[in-house]
Amino acid sequence: MRAQLGTPFDAFDDGDKLKEECGVFGVIGVADAANFVALGLHALQHRGQEAGGIVSYDPVQGFNSARRFGYVRDNFTKADVMSTLPGELAIGHVRYSTAGSKGATAIRDVQPFFGEFSMGGAAIAHNGNLTNAAALRKELIERGSIFQSSSDSECIIHLMARSIQTNISERIKDALRRVEGAFSVVAMTRTKLIGVRDAHGVRPLVLGRVGDSGWALSSETCGLDIIGAEFVREIEPGEMVVIEGNKVLSTRPFTPAPSRFCIFEQVYFSRPDSILGGRSVYETRRQIGVELAKESPVDADLVCPVPDSGTPAAIGFSQESGIPYAMGIIRNQYMGRTFIEPTESIRNMGVRLKLNVNRALIKGKRVILVDDSVVRGTTSRKIKDMILEAGAAEVHFRIASPPTAWPCFYGVDTPERSKLLAATMTEDEMRDWIGVDSLKFISLDGLYRAAGVEAGRDPKAPKFCDACFSGEYPITPSDKIAEGFEMKAAE
Amino acid sequence: MRAQLGTPFDAFDDGDKLKEECGVFGVIGVADAANFVALGLHALQHRGQEAGGIVSYDPVQGFNSARRFGYVRDNFTKADVMSTLPGELAIGHVRYSTAGSKGATAIRDVQPFFGEFSMGGAAIAHNGNLTNAAALRKELIERGSIFQSSSDSECIIHLMARSIQTNISERIKDALRRVEGAFSVVAMTRTKLIGVRDAHGVRPLVLGRVGDSGWALSSETCGLDIIGAEFVREIEPGEMVVIEGNKVLSTRPFTPAPSRFCIFEQVYFSRPDSILGGRSVYETRRQIGVELAKESPVDADLVCPVPDSGTPAAIGFSQESGIPYAMGIIRNQYMGRTFIEPTESIRNMGVRLKLNVNRALIKGKRVILVDDSVVRGTTSRKIKDMILEAGAAEVHFRIASPPTAWPCFYGVDTPERSKLLAATMTEDEMRDWIGVDSLKFISLDGLYRAAGVEAGRDPKAPKFCDACFSGEYPITPSDKIAEGFEMKAAE
Amino acid sequence: MRAQLGTPFDAFDDGDKLKEECGVFGVIGVADAANFVALGLHALQHRGQEAGGIVSYDPVQGFNSARRFGYVRDNFTKADVMSTLPGELAIGHVRYSTAGSKGATAIRDVQPFFGEFSMGGAAIAHNGNLTNAAALRKELIERGSIFQSSSDSECIIHLMARSIQTNISERIKDALRRVEGAFSVVAMTRTKLIGVRDAHGVRPLVLGRVGDSGWALSSETCGLDIIGAEFVREIEPGEMVVIEGNKVLSTRPFTPAPSRFCIFEQVYFSRPDSILGGRSVYETRRQIGVELAKESPVDADLVCPVPDSGTPAAIGFSQESGIPYAMGIIRNQYMGRTFIEPTESIRNMGVRLKLNVNRALIKGKRVILVDDSVVRGTTSRKIKDMILEAGAAEVHFRIASPPTAWPCFYGVDTPERSKLLAATMTEDEMRDWIGVDSLKFISLDGLYRAAGVEAGRDPKAPKFCDACFSGEYPITPSDKIAEGFEMKAAE
Amino acid sequence: MRAQLGTPFDAFDDGDKLKEECGVFGVIGVADAANFVALGLHALQHRGQEAGGIVSYDPVQGFNSARRFGYVRDNFTKADVMSTLPGELAIGHVRYSTAGSKGATAIRDVQPFFGEFSMGGAAIAHNGNLTNAAALRKELIERGSIFQSSSDSECIIHLMARSIQTNISERIKDALRRVEGAFSVVAMTRTKLIGVRDAHGVRPLVLGRVGDSGWALSSETCGLDIIGAEFVREIEPGEMVVIEGNKVLSTRPFTPAPSRFCIFEQVYFSRPDSILGGRSVYETRRQIGVELAKESPVDADLVCPVPDSGTPAAIGFSQESGIPYAMGIIRNQYMGRTFIEPTESIRNMGVRLKLNVNRALIKGKRVILVDDSVVRGTTSRKIKDMILEAGAAEVHFRIASPPTAWPCFYGVDTPERSKLLAATMTEDEMRDWIGVDSLKFISLDGLYRAAGVEAGRDPKAPKFCDACFSGEYPITPSDKIAEGFEMKAAE
């Protein structure tokens, strides 16, 4: 017997992954819009597995909503749920539970949020994070607003309720001008589908054409593919589109700001078949592997991905280095992503059951493992244990992102800074702590090149938000600073 | 808009896959044996996703059982289920529903089956198929046996009940000598764990050591890995092992017969990280890709697997041909295998939601698609549609198994012969029907070589059961012949 | 065969019963207060069977709530629910769904409602009906409040949120001074349990002592009995009690008004073992039967109640008349009250399965049936059919309330006026329409006498609210008048 | 505060009630027969609340079954269950769990049992108890039968399977001639509905006409009433009826024996609206109260039933004695019978929540409480506590059955003899132990008179089975004697 039940797999926590918090989707102009939204959310499930919600509008039956814990496929495929969501206009949301409360009452935190105003109802779904939500919430409560959830996103709907504008689109603008942070918002009134991205365009949002009559908004293009919609274009940073009938009206409600799209969407969050900036995410990730092989070559017998997120970079690394690509670690396909469940015990169980080493293949080999990122380092350590226990001669880690040394405040769940391995150790110290023969991260410049910025990162005007690597936050995290978070000292 | 909702994905049926019907697992000599069985069954879930069952024995609480529809992870991880299964001895079963009845009463068909005999109780779980079950069942009913299920495997327990032997192991021998067909059986009494393979050894079964005190039996070695058990050896064709305390007693109850292990286990059924005949299944599959590239090369830009089962052969094809490997089709990881659900409507839904083309990557490329097999050909046709619709310049199919022209009667779910594409068409006709630029299957000799038989297939004494390709059935399917099935004419 | 399946029972609708809408309960000063609330709500289940909710407060875990459709016994007895409701302070609510929306989203309408204010949270549960809620709601939405439910009671919590008072008790006063209508309210802050009755005291509310340290508020005394609490006194019309620690502080926040307790609580709503005005409700109802026998005697063989609500009056009728009491109609005890479920189809099913005639007893007899009320008359007609079909020689109806000719706007679900049998027919016409040998209602004076007002009803200053019989509404139903309801013309 | 939560109500166990174990129902010759069976079982729910099952037969879909824990109304009213039970022929069963196993596997014990024989399938449902089942089971297992349940009733189906008769009706006769005990059996083949009562006719079974084309068999006439069927006649002791098409064939397969119908059906088990021996059960029970008042008069203010089973006898007692009848104890109508749930903790909870004293009525009064029986005496003691705590001046118990001093072995769940209060105490000792002012049981002669045997009980040839009172067992309980049970010594 090689291992006690419970070790070494039982502590594969998710500290080595950052987690996207949300995906949003909306459809207008097609019958049974909620069914399309369900399909779109299913395609966006990797952005949030804990819960999902859909709101639809039908002229006869008004606004209806359904919110459920669990996967889209387990909830929004059932006739008894979908039949309650009639109409040609619907929006939806999938979420991972980080900000909101947990436990018995948390269904209240599942979006979309709905509000009834004197000129009619509106629903709103939000991907991102508001950096001044705590201050806004306090102010709203003092003025008589009653919050129904612990979600900061609810501020938007209360700000809308208190706007003096007489149409809902204008109220959304009013509300979003008051909030700070990163957001891609999909909203709906009785007749309009609305999409907005914050001025920096931190989170993605794309527009698609559904048949001749309809339109869709989706966090990623893979959400358009699943319903057979045509990808039209990305919503631009700072842009608001209001779709009604066959018209898409574009406005720019915010003060212009430099574009700072989240570079971690390229590394890990987005699906490999999505298109970002005109390129396949898969191709960008493969290119990261190519850059990594150039920057940090090593002599070995096999290049193996840590499945599944390390796969494209491992393919690129193999192609650049000439070292054969192999499936050295097999993922049990009956699990979802490791970080699905929010409670500690299930998460542990999840990881213990997730991966197996291809023992007969690995034995006696020098193995390069390619993973997307290192967060706490605990998973890396356990994977190394698995590989060595199976008889590998050498283990080399190559990481498809720079060291993650700073928390994200823009809609990604990260541990506090002191728990990030790279915040407290050098690369060599990390290598020794994980216990591998070598450990190399791609450089920030290499990552920019792989993402299509041939010149690498311009420190004066970086093209992406890379705060988790650089500590340079494009939007001041004011709530967090009020709580005591210390920004990187200016150099 | 490129496609109507519902097309082209909505008819991706499972006709292009053969389905393994079962996995079996047993553990003796460790506390909470049922928990180990649950983990083992989880690792064997690919062998049967419809339902699972566990029986355990505890000296105080006697035999207990739990049988559930759905995944192991959804049922046998819950405290309220597992707490009802105490003891240091347990066996389990996962199944795909083909032979038994479907619908409301089918839980009766979920194994293990349990019988109470005058000398005590016994439970039995069976992977394979009995080719004389219909005749046996008729005879048993006439003699007063009452069948509780529609499963043919229940014959075994009734034959045991009528045996005049005074201990259960002998009764199992008596019963299994009466049945014909392919079987790997795991059984238990109050004190013994028992494993048996039919004389030809068609279905796999392996023995593992659990810590210092326990033993495990599993359909595949991946079931041992998940619980940290050490792989000891395969149970041999025609062997029966009776494990009690620390002793493993081996006997040979059946007339010796040539070994004819199912070659489709190598091609598709077994997990790539399992070990068969001393080799990684992954490696055998990669080698199939190598042989295929040698036999049927073609000029192209990308080699793409049809995920996930085509992946190892695609890697081998790329390595042999030098054409870059790429993930041209992305599988939604929140689905299981396509053939999970037994009802038509859900199966259709399953496939529509399962795959997406990496459009930005495929556009304008000449693509080689590597898949494991073609059964009805319907899925291949739809995948081709998807790839062309995404703008591929050429589509070439390479299949990691020979044409599937004959049904399996040994525990695999296959359509009737007339529905098998290769039973009615030549390779060229299939290519035209599917509508691709080229279509090539690996030769039977090539497959044998990849599986380690360097000399290729010896028509006088083939090392494997390859009836689905060759029409040569090592065990006469007597029930089927009685129903009118026509064997291949002798040449 | 005497009847087709489906007739004559299948249309036993509930038009012949008025339905109480709510019961409220609260406890302070005992460990696991929510368990006591669950017991109290179970005892008050007759006041609302559709749904229930409990909010509790614990210094460590804050406010928690659980809201469920269905019976208290099916939801608030489970460990997984009750363990989420810790603390020594809790309030709860049971409801019948009349005002709020129905269907998928209606769980939002289940009370208690909770609001977080700048000085802390508060929860509130309401029995009764606000007659100016529509106007208030419109005004609040215009000022930026977001309603989460379709329940008019939610107005109270929004009025509280907008109050400028700095403690919650004062905010409750502010809010309740703005509302019109009938209400008994139970509310809680982090430290206080609060009870209020409207100025007329239309709905009941009583105070109880729980052990040495705790207090309870309950709609009826039967809620105190179940937890072994001592009945202290009724909360008085217009009184507000604020309970903190061992102190009960009483104030009178509203303009004084004459007491007008709902007389239908005496006739039907309250449980027979509750105490109202110092007397057992059972005794009052028995006395109604005595008065009825004096007012409208008839020669017959048996006096039978329409179970179960007609039972006490039938006993009284039998005792006064000397005609033997008998159980001529048997209620299936596995059903609840007929009007449990809010959807038409289930309600119909409910009634078809509910009652059976004691055929062998009834055959050839002259039967007096005593029922509590006649609303639409449809049930009476079907009961008459049942009795005659069983062979009764004569059927005489005696009704323990006067003709119900006006809708209630104070927390009781009544059909619109045109559907009330007594609004459109004389007593003789009703007798003929129902098809019985005689039909007599108790007089309003007789009812007052039975309820302890020896002098009968004083038209100038009636002691009770009897609007449903008299059309004299003590509180102007302003929302309804705005919708077009016509009050009785002044005489 | 009068009582701690948990006392005195929390130990109201069910030791004071005997429990009927089963009800059976069958229908032939009407569309959707299973719906009629569901209604019939609902009317028979008082005979068994733990679980229910229905088997139906349809020429196209064959035999189908559904078995569920819980009430009929909660399971067999749902479309997804009922749609799986097509056909014009169906039988069903409700049960209380006493003999069979409990816990996770017990659904196997829920009847009807089904067997497939060489000449076709058959299903069988059994009310009663076989007194030689243990011996039969042992013999059958030795001969190779495999039992699927722990229910003794399964012997019948195995005996049928081993019969050499060539039609199923004859096989049923064969099987029932081998069993000893009390039984009313309803069975079905593909074309026939079959009913049988044991030679003594211990358990009830009646025949009804359903419309022009159909027939029904039911444990009681109330099952016929609910579906509008006409009561034709009782099946006679020792009679077997085979119903096919429009014909009812009657035979007498057993050695004739004196009729010994269970007298406790009259006292407690049967529903008051059922007809037994041509009389309403209600009327017999009322007459018991009359006899009791003659035998054991006492001066008092009120006669109160212990609800609900004591009600008819209390009415009779009041009518004979002239002491006013009153509802002194109110049952919470949202509970079922106390003995619903088989686990101790829920049972306790059940009783605590069940009854409340009508305090304002009882205070200062001398109260006669009429109950149906005393088993362990524990409930009586707690009811006395409740009544005294509410201020009653005197408490007198009058019991509508003789002292229960012997266990029943014919299908009723009774405690072992040592736990029966009357087996260890005289009437005076019981009075003191319970702690009431007087306690009187009806005499056995009085009970016979009330049941229509004017001459009282003939000790040489009693008309009823009264073993629980007299210790005279008409059928030898051979399994129990083998286990050590001592019969009453011959006098």
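By written order: A, B, C and D. Residues from 1 in each chain.
Keep this in mind: a contact is a pair of C-beta atoms (placed from the backbone, for glycine too) under 8 Å apart; a residue touches a chain by one contact, two chains touch by 3 or more.
This is a predicted model, so every value here is computed, not measured.
Undergrad: Give the chains in contact with both chain A and chain D, ordered by label.
TA: Chains that touch both chain A and chain D, as defined above, are B, C.
Undergrad: Among the chains, which one keeps its Cα centre farthest from the Cα centre of chain A?
TA: Computed centres place D farthest from chain A.
Undergrad: Between chain C and chain D, what is the separation of their C-alpha centroids in Å?
TA: About 36 Å, centre to centre.
Undergrad: Can you give the whole-Å distance between the Cα centres of chain A and chain C?
TA: Chain centres of chain A and chain C, defined by C-alpha means, are spaced 51 Å apart.
Undergrad: Based only on mean CA positions, could you tell me how far chain B sits from chain C in angstrom?
TA: Each chain reduced to its C-alpha mean, chain B and chain C end up 62 Å apart.
Undergrad: Which residue numbers or ranges of chain B touch two or more of the other chains?
TA: none
Undergrad: Looking only at which chains touch which, which shape fits best: line, ring, star, complete or other?
TA: Looks like a ring, each chain touching just two neighbours.
Undergrad: Please list, in label order, each pair of chains that touches.
TA: Final set of chain pairs in contact is A-B, A-C, B-D, C-D.
Undergrad: Can you tell me which positions in chain A touch chain B when the two form their complex?
TA: Those residues of chain A that touch chain B are 1-5, 35-36, 39, 42-43, 45-46, 49, 71-73, 77, 209-212, 222, 225-230, 271-273, 275, 278-280, 282-283, 286, 308, 311-312, 315, 319, 324-327, 330, 332-337, 349, 353, 356-361.
Undergrad: Spell out the residues on chain A that touch chain C in their complex, using ranges where they run on.
TA: Contacts found on chain A: 64-66, 81, 84, 103-105, 115-118, 138, 141-148, 157-158, 161-162.
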